[in-house]
Amino acid sequence: MDFTLTPEQEALRAEVRAWLTANIPDEWVNQIVGRADVPRAEAYDFMRAWQRKLYDAGFIGLTWPKEYGGRGLTFMEELIVQEEMALAKAPPILNILGVGMAGPTIIAYGTEAQKSRYVSKILSCEEIWCQGYSEPNAGSDLASLQMRAVKDGECWVISGQKVWTSLAHVADRMMLLARTDPDAKRHKGITYFLLDMHLPGVTVKPLKQLTGDAEFNEVFLDNVRVHESEVLGGVNNGWAVGLTTLMYERLALGFGLQVRLRIALDGVVDLARRMEKDGRVITKDRIMRQKIAQLWIETEALKYTGARGITKLLKGEMPGPEASSGKMIWVDTHQRMQELAMEIEGPYSQLTRGSDWAVEGGLWQYTFLRSRANSVEGGTTEIQKNIIGERVLGLPKD
Amino acid sequence: MDFTLTPEQEALRAEVRAWLTANIPDEWVNQIVGRADVPRAEAYDFMRAWQRKLYDAGFIGLTWPKEYGGRGLTFMEELIVQEEMALAKAPPILNILGVGMAGPTIIAYGTEAQKSRYVSKILSCEEIWCQGYSEPNAGSDLASLQMRAVKDGECWVISGQKVWTSLAHVADRMMLLARTDPDAKRHKGITYFLLDMHLPGVTVKPLKQLTGDAEFNEVFLDNVRVHESEVLGGVNNGWAVGLTTLMYERLALGFGLQVRLRIALDGVVDLARRMEKDGRVITKDRIMRQKIAQLWIETEALKYTGARGITKLLKGEMPGPEASSGKMIWVDTHQRMQELAMEIEGPYSQLTRGSDWAVEGGLWQYTFLRSRANSVEGGTTEIQKNIIGERVLGLPKD
Amino acid sequence: MNFGFSEEQELLRATARKFFENECPSTFVRARMEEPGGVTDEFWTKLAEQGWLGLVYPEEVGGTGLGFVDLVVLMEEMGRASMPGPFFSTVLLGGLTILEAGSTAQRKEWLARIASGQAKVALALTEPSARWDAAGVTATAREEGGGFVLSGTKLFVLDAHIAEAIVVAMRTRESGRPEDGVSLFLVPRDARGLEARLLPTMDQTRKLCEVKLGDVRVGKDALVGTKDGAWPAIDRVIQRATVALCAEMCGGAQKVLDMTTDYAKIRIAFGRPIGAYQGVKHKAADMLVEVENAKSLTYYAAWAVDENSPEAPLAVSMAKAYVSDAFRRAAGNGIQLHGGIGFTWEHDLHLYFKRAKGSEFTFGDATYHRERVAQLISL
Amino acid sequence: MNFGFSEEQELLRATARKFFENECPSTFVRARMEEPGGVTDEFWTKLAEQGWLGLVYPEEVGGTGLGFVDLVVLMEEMGRASMPGPFFSTVLLGGLTILEAGSTAQRKEWLARIASGQAKVALALTEPSARWDAAGVTATAREEGGGFVLSGTKLFVLDAHIAEAIVVAMRTRESGRPEDGVSLFLVPRDARGLEARLLPTMDQTRKLCEVKLGDVRVGKDALVGTKDGAWPAIDRVIQRATVALCAEMCGGAQKVLDMTTDYAKIRIAFGRPIGAYQGVKHKAADMLVEVENAKSLTYYAAWAVDENSPEAPLAVSMAKAYVSDAFRRAAGNGIQLHGGIGFTWEHDLHLYFKRAKGSEFTFGDATYHRERVAQLISL
């Protein structure tokens, strides 16, 4: 057990820290759009440019192969960069689904042509990706998806509907699961496509959320013709490829979410130092101190539990139980953190953006509401617990 | 809505209060055995006498018919008596399973002969009852019970094993469920017997619990011959009769448990006033005040939710959702109350009976450990939630 | 003892439920959310016609003369409908303050007009310190020329922007006890120097305002109740309004439970309705238990308030502490058990979720009221 | 960075697990529970032969010279076995205090004998006030005739009744700061005026004593460390012992999870193994998450302690706060998910349940350590 860094790693830390200091716009940190966990529409242009800058500086995709725009480093270097981003309250990555899921999956399953075509543009944010898994009747129960793809010459003709598709309204590409063999049972007969969102027949309809934003979308495919070269990992092998994506998602979450959680926690502590309740500064209230300390501890636990998983990865082992729990810990901790922010604000929690009385411009009201989706997006908490119970603990299926 | 009492009810309250003041031995209240939720073996003789005294004074079985030793009053009078018992910290009832379950079930289903034979002796504690439902492989899943009863002339010959049988080691009678038709499916083919525990072939084996006490037992029946006149409610009708018993149990719980909960809460408050943590009296600590207040609120909630159920009963309606939740609320509140008692004691929580350093003679250590059974006995919390989900909310079966 | 509702009360519930299903469906609520006023004249008139705007006012001032136990029934149904508009601010804050503290003349003048739907009156109590106790009243009224000059800022004032008049709590004397030296003034909204500005809120069915008082001059007759001695009346108003709020929250929580149960019966995942899974079923059972407890404590508080029982303050704090947690959790679980659909704007769940959050912090949150319980049980 | 165990550490874990499975099955534990001593000479000798009694002592005093990260591995396995006996009191309290505060001579004399299994040494710190801070030390030692006279009562002293000697923390000077004026004395258990009395405990694998000091006379050489200045050393001992305790608790929690998972796979209810029901499965998943987090925080604290990192106090308090809750909940859920069988004396679950409760309040509970975290992060 050793938390000390090599001289090269120390140098990387210094480099990224200096770069962030020089490059994060001061006003960014104080902007409501910037502190939110999830990119908000007002910030897309800024964030596109920001990710490009990160790419040019080499601070994104550190573990990806050099030939596809990465740096061929280990998760340790990735962790260092992520930690510095948290400390600097750096903006989140816009093309997060590309970087966290599409890229690693293409690197793992793609043909040479697919890798050359797609990977570096993911990092540079030239092409934004979204994920087409969920359907109206296939949310948690992904294997029941109904979108159909029928072979016609060199193309697959795809029709159906996806839902809860983040970023679809700005995305250039979609990781798409569709049923290519209607007779095969549930998990079988599904294929993973790299879909061009600009093809004829693709319609994106924003879905307004309880936050008032429309960050998710419905995506309708009406006889969209996709060339067979856009199949990833083989026909009818989509379930395996899709699970890989989800595995990378969890890994990416383990990294990224911890960083965002720390930023949120620091924000809560700042908030608590400034707000009063019954005439007493929140941080001087024994009850509130308990709640803040507990969140602090859980945020640290997520970090160290993540570090244990990364250590195994670095050793070439498969991550164990500690990896599966990352998402669950994050969801639970983050939602309670947001609830605590509301509690700290008290009656002010009712005032939102557009009022000069709104605390921090209504940032927390937005992030609080947005956090409700955490326990559903990327697999409900109930499903995560099933997965842990069945795959990690070996309990019988329901 | 009206919480005022009639003059008769006020008179009853005064009467029972005066009687309790005159009759509860002073030393009782301070005895470890007396404050426990469940009768402890050392106190059986005292409690037998105590219940007899209550019976002679007419303060038990108030709602039962006069011809069987009751007073033919309403649940309102029962509630008044119970409340006074809580205030006076009266000892619990030894023959609680008889009073809470066997008696009402016999009154509901019994023949005239059965009612005359059994009911008044339940109230007077002449005959103690136990409940023979659970078996080693039929705990929560009661319908899978395996004890067999085979007809032989005028008798049923019964063999098999019961388990978790409270009071069996002192009981004279058992409410026994056995399978009389092995070919009928699960719920069918079960009969309810009134078993004489002193019959040949009945063996009781105490089961030592984690408290160190042996309050539960295993009961083995080896070809026990039970006369057919001891069948309650008809052959193969045991499931319905048994459920009635459980309904009365919940009702009895709604009364009795709330009373015991209030006694425990008052004890916790007293404890908190006397104990210190880090040099500060517990009741002056903002964090502990929150925890105590929350338990206070929940104890009151149980009372009022119970009162709503009783109001419906008094009006001749079936109790609604508020009745089903009584046991769950009680379990949850009581277990947290006991945990809080341990927290208040801090390091003293480790010292048990037999040490002069033990707080209140180690009472709380016993009640804390004993409380772990609450969420299993009389139906696990998981089963209670299933029942509420399915029968009250109408959700589909698992 | 009788801890149930009378036939008249059950009838009121049935009437109200039907009324709100017809008159206040979620399309109506959503339309009002988009508008500053939050209510239509037509709807307001209908409430008046039902006798609900004066439900708890004495008959001699134009009310129906019923009690808080009756009101609780109505408020549950309003909460169930997530009803928008100035009912709470006018009937239970402004109006109730006039009832509790006002002169016979003031009561006659205002309560009849409130009950008949002609007047809306707000109560401006809290300030930027966001405190619910007397120490929170720091805006000052100084005597001058036979009248008073009012200065300061009030915040979180419900519906001030559409009220005809605003009852404002002002400090008229500094003293050791914050409870001494608070007075109430009835100020027309169009008074010179008074500015009521609508603020954007998370729960758009609740319209909150900032009220700025810039040397607002009022006559002696603007005083509601005795000078310096208004706090006990305010305290009673807060107590009563808190009971009403708890009932509204119970109604909302019950609605969320109903919606969630209905959805769990029809939504299929892995081949079965999700309500068949214990992960869903047990959460729903927990919700039921909490909702029932919430109601029990609220009903008891309403009874205690009606009876002027010495237990009333304790009963009210017990209710608000419990109900705040229960509604928040019910609404959160409701969204969770609905999955993605529960997170959409189109689905009505968020109306309740946001209402739960706003109500949680109104008149003090669970922590505040648990501490009050601790005080009231002499801990 | 490497947040994993070395091959040597993994080997230690495997060795320890096998050792305790063979040498410390629950029959052994239960036999020791019934006896006052709580250990057999044979078992103690075997621990010494494994080198575990001196694991964290330097080689020059007869130890193995390993660190707390290594110790954590061993303690997890001890916790898994619910190991009884004076390991904790001798190696991590008495011994560690001598290591931290003692003179070279004292260390040489005692640590070698501890490591070889020849001596058992207890630490008497807490008093009837049950405080873990310096203010809790009120028993006095006054100088007299070139030595000291010790008076007072120590409580919750682990294994004092079987120790050869007891290190006692005494107040030698009153001062404004409770941390000033505390001294340590090494007193033979058979010293005149010292009475160590075994107390009945809930967790019978832990033997707690009352230690009465009735004018016990000791020489100047009984002083361990500097007069009046012992608190920093005690503080370090508490910190280190807390890490060891957390590791033991993690081992216990993991064992409960294993037992529960195994049971959930075979116990049939309503036609299926209970582990198939989400009511059981989701609770087990929650347990896993908490146990893993508990380990992560404990491992980090062990590393921080080994490195003498300035973050060590924070890391230790984070671990103890979290682990206290996690073990309590795991043990409680373990019993619950076992149903009736989990409540029997014969089943081993209660050993862990009681251990969890005792450990929760040793060196401060979760609330205490959360407040310490708040202080250490300058809240």
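Remarks
A, B, C and D label the chains in the order they appear, each numbered from 1.
Basically, contacts are C-beta pairs under 8 Å (C-beta built on N, C-alpha and C of every residue); 3 or more make two chains touch, one makes a residue touch a chain.
Treat the numbers as computed from the prediction; the structure is a model and nothing was measured.
With A-B and B-C as the two chain pairs, more C-beta contacts join B-C.
When each chain is reduced to the average of its Cα atoms, C sits farthest from subunit D. Our note on geometry: subunit A versus subunit B, Cα centroid distance of 52 Å, whole angstroms. Between the Cα centres of subunit A and subunit D there is a gap of 41 Å. Contacts with at least two other chains are made by residues 277-280, 282, 367 of subunit D.
Multi-chain contact residues of subunit A (touching two or more other chains) are listed as 286-287, 290, 382, 385-386, 398.
Across the complex, subunit B is touched by residues 285-287, 290 of subunit A. The part of subunit A that touches subunit D in the complex is made up of residues 1-5, 9, 76, 79, 269, 272, 283, 286, 289-290, 292-294, 296-298, 300-302, 304-305, 307-308, 310-312, 314-315, 321-322, 325, 328-329, 382, 384-386, 388-390, 392-398.
In the complex of the two chains, the subunit C residues touching subunit A come out as 126, 128-131, 133, 135, 155-156, 199-203, 206, 208, 210, 268-271, 277, 279-280, 328, 332, 335-336, 339-340, 342-347, 349-350, 353-354, 357-358, 361-362, 365, 367-368.
In the complex of the two chains, the subunit C residues touching subunit D come out as 277-279, 282. The touching residues of subunit A, when paired with subunit C in their complex, are 134, 137, 139-141, 144, 163-164, 207-210, 212, 216, 276-279, 287, 339, 342-343, 345-355, 357-358, 362, 365, 368-369, 372-373, 375-377, 380-382, 385-386, 398.
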